[in-house]
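As written, the chains take the letters A, B and C, and residue 1 is the first residue of each chain.
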Amino acid sequence: MTQGQEMYQWACELFPITRSITGPGVRETLHYFKNILPDLKIHEVPTGYNAFDWEVPKEWEIKEAYIENENGQRLIDFDNNNLHVVGYSVPIDKWIPKEELLNYIYTLPEQPDAIPYVTSYYKERWGFCMTHNQKETLKEGKYHVVIKSSLKKGVLNYADLVIPGKTDKEILFSTYICHPSMANNELSGPVLATALANYLTKQKDLRYTYRFVFVPETIGSIVYLSKHINQLKEKVIAGFVLTCVGDERVWSFMPSRKDGTMTDKVSRYVLEDNAIDYKDYSFLQRGSDERQYCSPKVDLPVASIMRSKYGTYLEYHTSDDNLELITPTGLEESFNIYQKVIQVIENNFKPIVSFPCEPQLGKRGLYPDLSIKGGATYVKNMMDILAYSDGTLDLINLFRKTGVDFEEGFKIVNTLMKQGVISKIDI
Amino acid sequence: MTQGQEMYQWACELFPITRSITGPGVRETLHYFKNILPDLKIHEVPTGYNAFDWEVPKEWEIKEAYIENENGQRLIDFDNNNLHVVGYSVPIDKWIPKEELLNYIYTLPEQPDAIPYVTSYYKERWGFCMTHNQKETLKEGKYHVVIKSSLKKGVLNYADLVIPGKTDKEILFSTYICHPSMANNELSGPVLATALANYLTKQKDLRYTYRFVFVPETIGSIVYLSKHINQLKEKVIAGFVLTCVGDERVWSFMPSRKDGTMTDKVSRYVLEDNAIDYKDYSFLQRGSDERQYCSPKVDLPVASIMRSKYGTYLEYHTSDDNLELITPTGLEESFNIYQKVIQVIENNFKPIVSFPCEPQLGKRGLYPDLSIKGGATYVKNMMDILAYSDGTLDLINLFRKTGVDFEEGFKIVNTLMKQGVISKIDI
Amino acid sequence: MTQGQEMYQWACELFPITRSITGPGVRETLHYFKNILPDLKIHEVPTGYNAFDWEVPKEWEIKEAYIENENGQRLIDFDNNNLHVVGYSVPIDKWIPKEELLNYIYTLPEQPDAIPYVTSYYKERWGFCMTHNQKETLKEGKYHVVIKSSLKKGVLNYADLVIPGKTDKEILFSTYICHPSMANNELSGPVLATALANYLTKQKDLRYTYRFVFVPETIGSIVYLSKHINQLKEKVIAGFVLTCVGDERVWSFMPSRKDGTMTDKVSRYVLEDNAIDYKDYSFLQRGSDERQYCSPKVDLPVASIMRSKYGTYLEYHTSDDNLELITPTGLEESFNIYQKVIQVIENNFKPIVSFPCEPQLGKRGLYPDLSIKGGATYVKNMMDILAYSDGTLDLINLFRKTGVDFEEGFKIVNTLMKQGVISKIDI
């Protein structure tokens, strides 16, 4: 099974679970990942916990929900699609006439066949979601609206995993596990996070420490930051929110708030070095947990490489964001890109020549011993890399400057290091 | 009466006065403004006063001037238009033949119906100005040239007015009162200065101190600088030469010498925020008292927002620059723009969020309590302003970054300050 | 005789000499220049001398070389063209069949009438060069290959000349004397170096010290650097590799590695101020001794103004790079450009006004005493130069800013200095 197929299978198994920002669905999801990543640590904070300007809400649980007509037919049933209920709906069980029912029904008139994803975490209400076409067929009469849910003091769950490297400087990956049955946004992020963590766990001699964070969006990342902000600000040198990484459409990049961080530089470099055409968004188009990680008094270097960015594709936040939208290939390509990002971060440094003037490459068998018009590209690349190995440029800037691609450039740099002609300055 | 009508009326009453760099016309003009601005202080320095590289010249007075032909007809008469005499002409009274007369007559062959504005402050000579068409009709014969003027030791007058604010940091407005009967260049500047000073005098709780300076161009600003240079260099944080602000043609901007000062930034921002198309000149096209205020060892942050810039419009420095060229509307629009400039300067600061992560706007009634696809621009603007309120951007940069206009942005910022979500860092 | 004709004559006399990186041809060439520049100092280092990563090779001498066929006819003869033998060929004298001979013959199939220039300094081999057309006519049979050469312990020669100025800050000119009978690349550089040194020797009151260096390419500049690196790094503020300066085709500029040095700035300014269209190369297209002078741990501000750049013209490194390719006019134009470069370097400084506000130029006869619409460009240029004489801009930046050309601008600056209106800040 390919890496992409494995990730896709995880997504299939996780898809039906009713996740929200709290509740049993979150715990079930986190335990699923813990089966794959035994060192994953699952945490909880209680309802009422204060995180900066926020307070953890009550825990929500839902058992059953439907709308029944006078003939006893269930028009919609939570068991068929957990998007049918507004997230965090309070319990209800009564008969109401059609005109009253309409106040509690949410649809998307412009996408009449899709059920919208609606939540109301911080105001107690109840409601149902259905396709606009179904709403149009509702007849006069009474309807039995039933939501068997509870909102009680409980906990908010999240999980993290730290994979230690030689230095305690960290690369952060954060993803969110609060979306019910939707695939690109958002099961693709958690399954990619799991695959990357699994991959890194197996690597030896990692240079950097890697931190994976699984949180409910917004409230979860705020809670996590409230507990770890000083450590993260001290240690994190690059970070990513993993989201919308499962389809096969155009690549997208969301830079960090200040842009120009190592995260931004490596991300764009990897995309360009792999000749990937991508849409380079502004932070003004942000929309996930970079809102918290990049907020002014946090300001971590967090960005996102995505496929179809949240908020930009038709299926977003509807029942159409399903397992047909994401593919094993799409997931695998995202895995590969992030793997390259990790390789560049792990292997980047600033080379510096060992002595003044060009080295005599001829005596090392690295230079043609006969001088005649014309010359090999490999030699030209090697000489260009030497010419700019002045200790001020990291490999990314060096390869951008000389036009050499990462793979060839890295081979040349290694050859030159073995020959003692250049040495490393750590970044 | 609108502000524009009032300014236009002042211009009409001042138009006939024979102003020059010294003399009774200057004093009459300054006293006219003192009637409107009782706190205006009128100053004088004597002939021979040394200001840096310059010396105040003799005071010039003129009573009468004309050219008479052999039939006793007056071909031109100073009483009809004070541009007919070269400024600072020495007295003359003699009969001369046509061929000699022509040496003393100045015209504009390319604008044959306009009388040019000509001066000779620093070399003693006499001369007349007339339309080129009139010159072409001069017949052979003798002409009686009469200028009843005097050049004597006297004084050079100027005036200033300081309107105190909470801080002694100053905003400087300078204008010049040495042009005889011309309207856009230059009665528009002095009447706008007077209107703005009048407006500011009535404001309470001004943040900055405002200094208005009325001087003859060049020699006057040099004299003023020679007396106040240290104070101005210490206090002035923004400044404007008010000139050519009376017509309704294209807007113009003359930046300060070094550009990039607060004056330049606020000026361009106000023009752009009000969707005003304008011509952005280089300091190489300068031509008024910014020549002195921005000179290397003075270097005040002085710029000009103008309508038709001096030197660029056909009527400039001729009898066609008259009361038909300027309008109440043109004057009022200039008043409004400078008023906005003042408002932006007065209200600008750097906002900073009060805590890490986004604030919970929902509990403050500032965020929708239901989450569904799509969202209001107002909320997006508020979130963007918060995202960039990191204490490094002033409101101008913040609003440029987020694309929010000043009026809406300032309302949002005030709302967020009242909620304690952001606070002020003074500039 | 013009300067260009004199340089061309030197080139003609030097052309036949068999130069290489070592040997009697180098010494003969250096002694030729010493006849013109009596203060030129000729130096030597022995075979085996270590310079950074390099070792000086054996000295090469060649007396005779030819290929003879069975009929006793010499197909090629070193006496006709010294390019016929691969540089640094070891001795050989034997009869070999055609098929073996072909292994030792170098041609340029794409330039079938040209003899290529081939060397093998650091690997002992022997070989012949001929036109491709001649090679095609070789018949089956035996050939007598004869090279009467020697590779022995000896010396590597180079020369330098230091012309002292008021300051010990240096302007470096380096050129190379290791090419046998080729003209643009490379006799043009050495003859231009000689002409410039000759010119500077005759100047009085030079501001800067000038250093001329004549070395074999690569190994010579590395040896020179190994002996003088600290001094050069401390003293050299601008430098040039003189090469490819003899033809009349497009101008070329090779910037220093870091670009933006004084050398780069002055070079481009002189080219542009003289309205010379030129190709601005990247350091990635480098190819001469700037490879050493600009290498990371040397990093001197060394660039090249050239005509047809090495490696870009068809005749390069072939027998077609001969005395027809270079011309007295081409050499003279290069001399003139470098002379202007020297003049700009010698005369550059930062002007600063002597007092606040504009000076009163009228009382100095430098400003029109009558003010009327329109004005002279000369006055505008003078006022613009004054406006930006704030002590931060050198003449290059000042003239770029104001759009005044060097000749006129320099006259204005001198006039203003004589009037005491501006003064000098040394760079």
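Note that in this section a contact is a pair of C-beta atoms (placed from the backbone, for glycine too) under 8 Å apart; a residue touches a chain by one contact, two chains touch by 3 or more.
Every value quoted in this text rests on a predicted model; they were computed, and no experiment measured them.
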Specify the angle of rotation obtained when superposing chain A on chain C by their C-alpha atoms, rounded to a multiple of 5 degrees.
120
For the homomeric pair chain B and chain C, should the interface be classed as same or different, according to whether the shared residue numbers exceed half of all numbers used?
different
Intercentroid distance (Cα basis), chain C paired with chain B, Å:
57
By residue number and range, which residues of chain C touch two or more other chains?
none
Residue set of chain C touching chain A in the complex reads 51-55, 86, 106, 108, 116-123, 125, 218, 221-222, 225-226, 229, 257, 283-284, 286, 291-292, 294-299, 316-318
Can you name the residues of chain A that touch chain C in the complex?
352-353, 355-360, 362-363, 369-373, 383-384, 386-391, 402-403, 421
